[in-house]
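After this come two complexes, each holding subunit A, first together with subunit B and then together with subunit C.
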Partner chain A sequence: MTAISMQNDALMQVRHISKGFFGLTVLRDVTLDITEGLITGLIGPNGAGKSTLFNIVSGFLTPDEGDVVYKGESVASMSVAARSYAGIVRTFQTPQIFANMTVRENLVAGCHKLSSSSFLANLFGLPASRRELAEMHGVADDALRRFGLQGIADVRAGDLPAGQQRLLELSRAALAKPDLLCLDEPSSGLNAEETQQLRALLERLNAEGMTIFLVSHDMDLMAVSSTVSVLCFGEIIARGSFAAIKADPRVREAYLGA
Partner chain B sequence: MSLGQSQSLPAGSRMPRNLALIAAAAVFVAVWASVPLLASRGTVDLLVFTALYSIAGVGVAFLLGQCGIISLAQSVFYGIGAYATAYGTTALGWHWVPSLFAGMAVAGTVAFLIGWPILRLSGHFLALATLALATIGHVLFLEWDWITGGTLGVGGIARISLFGFVLNTPQRFYYFVWIVAGLVFWLYANLLKSRAGFAMRAMRDAPSAAMVLGVDVHRLKVQVFVMSAVVGSLAGSLFASYVTFVSVDSFGIDRAVSFLLVAVVGGAQTILGSVFGAAFITLAPNLLSKLGDIHALVYAGVLVLAVIFLPQGIGGFLRDRVRGLLNGSGRAGR
Partner chain C sequence: MTTTLFIQSLLAGVTNGCVYGLIGLGLSVIYRGSRVVNAMQGDFSLVAGIIAYLAMERLGAPILIAFLGGMVAGAIVGWIVELLFVRPTRKRGGTEESFLLVTLGGAFAVSAAALLFFGRDSHPVRGLGGNELLDVFDAAIRVHAVWLIVLSLAVVVALRFFYTRTFIGKSIMAASIDADGATTIGINVPLMRSLTFLLGGAVGGVAGVLVSPLITIHYEMGLLLTLKGFTAAIIGTLGNPFGAIVGGLMLGLVEALAIVFVSSGYKDVISMTFLILIMIAIPNGILGHRGRAGG
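And then the complex of A and B:
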């Protein structure tokens, strides 16, 4: 394994994770650190187990063995929503936008965690509930400007082209105040120019203090990562800087095909 | 132009529109208030049932349109409300108010206990689970004859009285039931434009993404299901007080389907769509019955055509037309 020691300032530690489906082992003793304040990348060929690992990290799957430690505490048994409140927010390989809502409404929905009024307060339209909704709209309007979405604010999200859906999903995720933002193939379906814009956005979010866990096939995008791990047939076969990973002969053989 | 963009119109442009809305509301209230004075007793009776079905139906419509949940169980909660009022006001000698609230409490509790496990299902599996609940509920209404009177039913149910004023005619009940319906619509409208409303629509469109944003999807589904059951029970209690006799025939699968039709024909995306859906299922069979034996076939045909040509329901169709008109006048104003 490429020599980079495990970080002590890890925001999340994936410890000895194993996972199988119907007797087929998909992940075998995977250990990975996501360092606070950095962009950590994960690459691997199709079927390597990236999505399974991503789903375990975000709470959509539970591991057969091992643990996921976040901010020093195990989150393995926490629900997806509870992990979100703890600061773990993810996007999806196929953008999961709220298709029948406008772009602005998608962003208002993204403010769910920033509000706390109860179902009954909402039902009776209590002043606190109305005030909170106005605040959510304010935050969404700020986000429209921040992410350059003003021009499409009132467009139905399902009618947007793939690139803008991707940007909307990422903006909405960033709005949910993540400490750890997990991005699953964020450049999938984007053209070269959009990928460059995405890369700039990731660097900006990271510069603002957001820790990012990035899974991607796109080696241009992966270059933003401080550390890259390589997953192959359910095992981490290399870990290091992007340049070191690109030069690693085992990685080239297993993944880059050169 | 969308409705959201209309906020940027100058104040002078908004004023005529607000005045027009106020005038339209005043005309609507005047027409609504004068209907019982002008229409026949039979017509007012149908409009009372329209209100009852729209109260029960809006719960189903909200589940379908805002949460993506198909519920065929509303007949059970409608029945619970009706029998709570029947049993409370006859066997127990209670006033109609505690009987009504007891029914809502029982319906809400049953919905919570049943909903907690079955709302982990989704799509057709969930619809089938609610259908099973409707079937079981109907059988229990039949078997628990010490409460429900079985096939013989329960008669002599107390009418609603307000400060000594007994609602013993369709005309009197009309005003009361439509005010209650208005309150229920207001509650649902509040919910729709709140934090919970956004969470519901998020859950409907992309449940995984909603969870990632912190929405406890299962809890939210249970809350809306309980709310739906409570308004279903409210409608059932009002129904029992209005007709003063209830029998198990009123709470079968056909009634469950009727409530779903209120949502589908009226349009599940809009709250007022339930009124149109309820009007359709109460008025259309009555009007078509003049055609003789063939009326059931025509009714079924009209239903099919309505679903094909109005996929957003009557409410959705009208909403789009009104938006088109408003947007058109906004452009013309410039």
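And then the complex of A and C:
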């Protein structure tokens, strides 16, 4: 097994996490670093506990034991919305877009954290809130261009094909000012060309300074990761560069089936 | 049938239709924002009517202050219902059916409380413009009814503005369509649901203070209003507030014409038959499935 060592430049430290459901242990003493400024990957066969770990990192589940430390502070008991304000934003295996809103409206909603005007100012459409909304539309328009969504800006999000829904969800998450962007199987349902575009997009976001935690079974996409951890039956069995992981016989046996 | 009688029935139909529409509007606001079919919507109106009545008759408050007090009371009751009944039910994994049953129970409780504290008698409430009448092609309409129509339309326009032009309106929609997606971009979903009930309660309150001068306040009026408002909301595609007003107007006009052409005794039979026929012909309401998806 590749040595697991805690790094000082970790944006998030997952420490000795254990989690079980109905007496069945899904995660056992999992420790993992997500290094600031890099893409950290997590792979594992079906049922390895990837989604459970991902949900604990993003706040949708609380661990039975262990801690999640983000920017030096424990966030294990923090709500999802509070984590979002702290900079942890996630996407979902099935894109959770606002289906009955247009692409532009989805992106405007993604600017939620930019809002500072009061409820009453919003309710009565006072000038401060109108100015703020205009600014958010500006940010959304920039994002439309940046992520190549201009052509579908006014299309109802629920009518988009899977690939564009995923791109929209990712764009919306990127607008939510994440310091740590957590992506759950982002290439699921995408064809080879779309996966390549996604890979380029992740590299671009990472180059702009966004730390990314990537959970995927797609080895082509996983190649963007600086470090990859392998989860198997609830335990981390290896960690290292993508090339090292790919060559690790134990990983090949457990995950790649070779 | 004379032209005057026809116009008179049209005016009555539009007035009643606006009331049904306002109740349906409140129902739709709450369904749109929280996926709860709220059987207490008419009771928000009952509470608002009682508060307005007490403010005017016991405290001598001016009518506008009393009406405002009624609206605020409706909003507060809405907020309390979300906090005490809906939120705990949701936390325990409640479904749409559970919410309906919980709020139905709440509706009977409010009705019983009104009976206990307010008595069995009907209480007349002063309206805007007192009992003055306006002449419309020899037909008569109360000045208050004209205010009711105007204010109902103003509420619709204000809500449209709220949902399409304000950031908080969009956040409420986002939280309703996809709670998980909304929460991860920082939207406080429970707060949005509370605001939804606050808003729905306020709309119910407006309906209550506006309808009370026309029908007098009675402890059973809540459930009756809910039923009519629900019909309006269903016809107008549940979850679409603007459809609710259209549905309310359709229902009010069908009722009014039924009274003229058939008999007042068959008013409810005909309006409910109308609902059934609409449901068979267009099960998702007049605005179709997209309208229902709301959000």
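Worth a mention:
One rule holds for everything that comes next: the second predicted complex is superposed on the first by the 255 of 258 C-alpha atoms of A that agree within 3 Å, B and C clash if a C-alpha of one lies under 4 Å from a C-alpha of the other, contacts with A are read in each partner's own complex, and residues count from 1 in each chain.
Just so we're on the same page, a residue touches a chain if its C-beta (ideal position, glycine included) is under 8 Å from a C-beta of that chain, and two chains touch if they have at least 3 such contacts.
The model shown is predicted, which means the values in this text are computed figures rather than measured ones.
For the composite obtained by superposing both complexes on subunit A, the positions of subunit B and subunit C are in clash.
Once the two complexes are overlaid on the shared chain, A:A153 sits against subunit B while remaining clear of subunit C.
In the superposed model, A:T102 makes contact with subunit B only, not with subunit C.
Of the two partner chains, neither subunit B nor subunit C is touched by A:G209.
Touch criterion not met for A:G23: it reaches neither subunit B nor subunit C. Of the two partner chains, neither subunit B nor subunit C is touched by A:P161. Subunit A uses residues 58, 60, 79-81, 84-85, 89-92, 96-101, 105, 108-110, 112-113, 115, 117, 119, 122-123, 125, 129, 132-133, 136, 169, 172-173, 176 to touch subunit B in one structure and subunit C in the other. The part of subunit B that touches subunit A in the complex is made up of residues 2, 4-5, 186-187, 190-191, 193-199, 201-202, 204-206, 208-217, 220, 223, 227. Looking at the complex, you find that subunit A touches subunit C at residues 58, 60, 79-81, 84-85, 89-92, 96-101, 105-106, 108-110, 112-113, 115, 117, 119, 122-123, 125, 129-130, 132-133, 136, 158, 169, 172-173, 175-176. The touching residues of subunit C, counted against subunit A in their complex, run 161-162, 165-171, 173-174, 177-178, 180-189, 195, 290, 293-295.
If you check the complex, the residues on subunit A that touch subunit B are 58, 60, 79-81, 84-85, 89-92, 96-102, 104-105, 108-110, 112-113, 115, 117, 119, 122-125, 129, 132-133, 136, 153-154, 169, 172-173, 176.
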